[in-house]
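Each in structure tokens, the structures are laid out below.
Both of the next two complexes hold chain A, though its partner changes from chain B to chain C.
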Partner chain A sequence: MVERILKTRGIFWMWCALLLIPIGIGLYSALQVFTKGLVVTNLSDLAPWGLWIVVDLSCIALSAGAFSLSALAHLFGRDNFKPIARVAVFVGLLGYTGAMMCLLLDIGRPERFWHGWVFWQTHSMLWEVTMCITLYFSVLLLEVFPMIVELPLFNRFKWLQNLGHRIHRFAPILAIMGMGLSLLHQSSLGGTYGVVAGRASLYRATMPLLFIVSAVAAGMAFTVQMTLIVQWLKRRVLVPRDVLFQVGQVAGAILFVYLYMRFWDSTAGAYGYVPGRSESDLLLTTGTFGLTFWGWEIILGGIVAGTFLIMARRRNSIGMLLMGSGLTMAGIIANRWNTTMLAFTQPLSTEPVLTNPASVRYLPSLVEWGTALGIVAGLTLAFSLGMRFLPAYKGHTPTPVASSGD
Partner chain B sequence: MSFTDMLSNIVAVIIFIGGPIIPLLFIAFQVAGWHHQITEPVMEEEGHGH
Partner chain C sequence: MTEMNTKTGEQPTYLRRMHRREFVKLLSALGLGLVAEQLLEDTFMAHDAPIAQASTGDTKGPYWGMVIDLETCIGCHRCVYACQATNDTASEHLWNILIEDQATFAKPVFVTRPCMHCEHAPCVDVCPVRATYHREDGLVAMDYDRCIGCRYCMVACPYGVRVFNWQENVEPNPQPEAWGSPEVPRRPRGVVEKCTFCSHRLDAAAERGLRPGYDRAATPACCVICPVQARQFGDLRDPNSPASLALKGRQAIVLRANLGTKPRVFYLLPR
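Entry: the complex of A and B
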């Protein structure tokens, strides 16, 4: 039945039209935020970061394949990784676009988005993140530019295509810049949490390391997942199977390194009773958080995902590879959700009580859900169009197994 | 924990864990099925092979 649906005439345009519905909801919701302010959200002084920050952090983590795979392909001599690095760069560009859209909504004064570049706050982690994210976005644009000007639409503008060729020659330099900027901001996003002395669940020196390692694993796995799905939908091969298996194995190994770090961070970091930290660990591992933590973050999105990613190559199982990469994606989203929400759910102090109420219950408002849905749908639409029309993702026609022996 | 609490927790686990896994499993089977039907072409470096 799926085969028949995929072969339906105009199915691609129907898909695009379907995506316009959530995009419309997102635009309407964003208009509410821009005209009425953050009052239409459920964010408050007690829970200043919510769904948008979770989407922002997830988008950035899932984009980490761009810098890590580009570095492997261009700097570490893995030439066979170039086709998947090409997909990763496009995924990265869209991921960072989504992250910046979330931040534009979240800052409350969107017309002042440029202040970070002009009024330098060099002691602020968020300033460093702002500079790195915007600079890295420019690097990603330069990396994608040569692929965009390859479109037949630009055949009339030879100078643009020549410029694209010239920029492409600098791919290794762009890879170095991308790696530097990403290593800085992927970890300093964790650092932004790690320096919050008032929130016991966040305040630890290991946060930057946990963020960068988990992002690299998730970014690589997400690129594998997207490539597999696009190949299936297009009925064309973009990246050789063996490369996908190899990247999966690397992602799985890094995921286990992350789990190892996380284990010691949790056990040695809170050995005995550590005020605030012990309570936050209890809150994370039981009740509502316990389900997302044990279910998604550790078991399915960690141990099972890592095992699938590593075993897929040995078992020559594409299904296992896709399951592993999909579970890794779910695990990283659960991790960013838990990290953000736990900090504001846990009371600052109960003796004496520092806030009224002591702890806050946060559930995103409809407007927040609407904008998040719109952003994800917008990114999906852009990804679909890119994979369909950009010549770099044209792919190769495979041979049916039955005729391969001829 | 009352029976209702236990039941609601079980339902929550099934929905929360099973909800995303079922479509993922479905896609994984479809993609794996397609890969079984094809032989990959020999791929050469093209255009802007980043």
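Entry: the complex of A and C
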């Protein structure tokens, strides 16, 4: 029996089994965090946020395809985007799951995660983010629910499937809610940093805009990337080829808009002196962050990625599309890393005295890497299972004749 | 999952207009949700301040302030030790930080840094659960039972005075008895803490008829222990309080005044 399964579906199940190793590492690391406390991390009073926040921010940014593509498909009349919006919604659900797992690890009292819903602090950006993310997570659940209950497993529970159909009727309403909530929290995640007046590198009004524009570009590109990988592995078509190219072009264009904004945001400090800000801009563009900023975030993850995304359609090159979307993903992670790390690397001076305190160093500990690895592996496993078994992602066998475009 | 039933040519069901009954149902569900939220809120925080509490710690009563003289401070660390002993902080957790500053003035000075108890405290604004808040007398306090340990307040504090309980504090207090004995319970693992201006002493003072700033039992431990009277505490609205008198005729600064936080800790510049 087992042999037969391995023979017919061997590679898929071996892949799942392989993923169990990093998931195990992640569970072990998480156990360390929950039993011993955050002392097992390399975080400190001077660098209180680290790798988990970077993973959290990246997960949410890469999930932005869910709301943007759903909005395009259901609200702005791009009916041909519906298949890719379906993939995006599943990616989004997993992304937000990962983000919430990160936050649960990161807070010192995980058993009090619900306090935000009960003890409102409407002045806090983080409160707004908490409310929006949990509400949006339930929107995503409602969007994915009809696809889950279509599994043959649920054939016995007709009422669940009927409920699924009823919920699916509300797809445009869910798209509106999703867009509203995402427009709020994708930006206010940037705002969470942007309002911190005490840290010069963070305190800028551009932060919410930079976060949402980059998230939309990266979220769309990431959805394209995931679709391409799934299609290649399944040898089936989930999303028509020209839709993928179109979404790639939209993502590329938005990426260039973002790069333009980011360029001025990061270099304006060099034109005249703003206390703290000019130092942080210098640190970002020429200091220890020079390589990750220029190389990883701006050139590879920005200019090259955007060019590939836009050029892929004209060249009719899936390889180029895959490269472009992959680099965009790398770029957004670099951006969230640079933003977070820069904030804590820049020493907190308390002028007019102690203007030159020692700088802070932070590199994630093994336990932090372990949990991050486990979360990514867990999401990959869930994604693999979903793409394999959910009827909505069955796809069809490719035909040699190109299907008609838009 | 097809959007259009191709066989019968029916419209997708969501394009059908919503019936009035359904709309009413939706509305009542929303309303019930709001009521439930309000009930939860009332249950957990009947004693609490209104939701949209402004971030200002401005008050009508006494305006507690601390004045630290950079001229007379000799950097003996006693305020650091007394603070640790009184508030029972873990060995690496200092609520009161001492740093020698050799660059700013003609001579080296020692800068000790407690919580500034800002009138516009960034930490109060950013806390997502109102675990850090302004007391009625304007001091910035922590509710350790509510804090979720997200550490956003530590990101937001411009003075870096907040410390996090990275692990359970089980070690004995590192300070010998001579510097004082614990007067407040230890905080659990996973919450943020910081200097309280020894608010437990201020609160007890009101009951016992003592005057903060004058009576030792009603004044923050760091001010009481100072051998050279470099730290004075008192009501800055009272012109004769020790803190007000210390400010008289001296040039005083606050840290990072450009942020507009309005700290309650003032530093007297060296002459």
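The rule we apply is simple: the second predicted complex is superposed on the first by the 375 of 406 C-alpha atoms of A that agree within 3 Å, B and C clash if a C-alpha of one lies under 4 Å from a C-alpha of the other, contacts with A are read in each partner's own complex, and residues count from 1 in each chain.
Everything below uses one rule, namely that a contact is a pair of C-beta atoms (placed from the backbone, for glycine too) under 8 Å apart; a residue touches a chain by one contact, two chains touch by 3 or more.
Fair warning: this is a prediction, and the values are worked out from it, not measured in the lab.
Contact with chain B, but none with chain C, is seen for A:L228 once the two complexes are overlaid on the shared chain.
After overlaying the two complexes on the shared chain, residue contacts for A:P391 are found with chain B and with chain C alike. In the superposed model, A:T122 makes contact with chain C only, not with chain B. Contact with neither chain B nor chain C is seen for A:T97 once the two complexes are overlaid on the shared chain. Looking at the shared chain after the overlay, A:S187 reaches neither chain B nor chain C.
Applying the stated contact rule after C-alpha superposition, one finds that A:T355 touches chain C and leaves chain B untouched.
Contact with neither chain B nor chain C is seen for A:N335 once the two complexes are overlaid on the shared chain.
Looking at the shared chain after the overlay, A:T345 reaches neither chain B nor chain C. Once the two complexes are laid over each other on the shared chain, residue contacts for A:M147 go to chain B and to chain C alike. Looking at the superposed arrangement, the partner reaching more residues of chain A, out of chain B and chain C, is C. Annotation: chain A residues 79, 82, 86, 146-147, 150, 168, 171, 391-392 touch chain B in one complex and chain C in the other. Note for the complex: chain A touches chain B at residues 2, 70, 73-74, 79, 82-83, 85-86, 89, 143, 146-147, 150, 164, 168, 171, 228-229, 231-232, 235, 237, 240-241, 291-292, 295-296, 300, 317-320, 322-323, 326-327, 330, 391-392, 396-401, 404. Touching chain A in their complex are the following residues of chain C: 1, 3, 12-14, 16, 37, 40-41, 44-45, 48, 51-53, 55, 70, 99, 101, 103-104, 109, 111, 113, 122, 124-131, 146-152, 154-160, 162-168, 189-192, 253, 255-256, 258-259, 267.
Those residues of chain B that touch chain A in the shared complex are 12-13, 16-17, 20-21, 24-25, 27-32, 34-41, 43, 45-50. Remark: chain A residues 36-39, 41, 43, 45-46, 48-49, 79, 82, 86, 103, 106-109, 112-113, 115-127, 129-130, 146-147, 150, 165, 168-173, 192, 195-199, 275, 343, 348, 350-357, 391-392 touch chain C in the complex.
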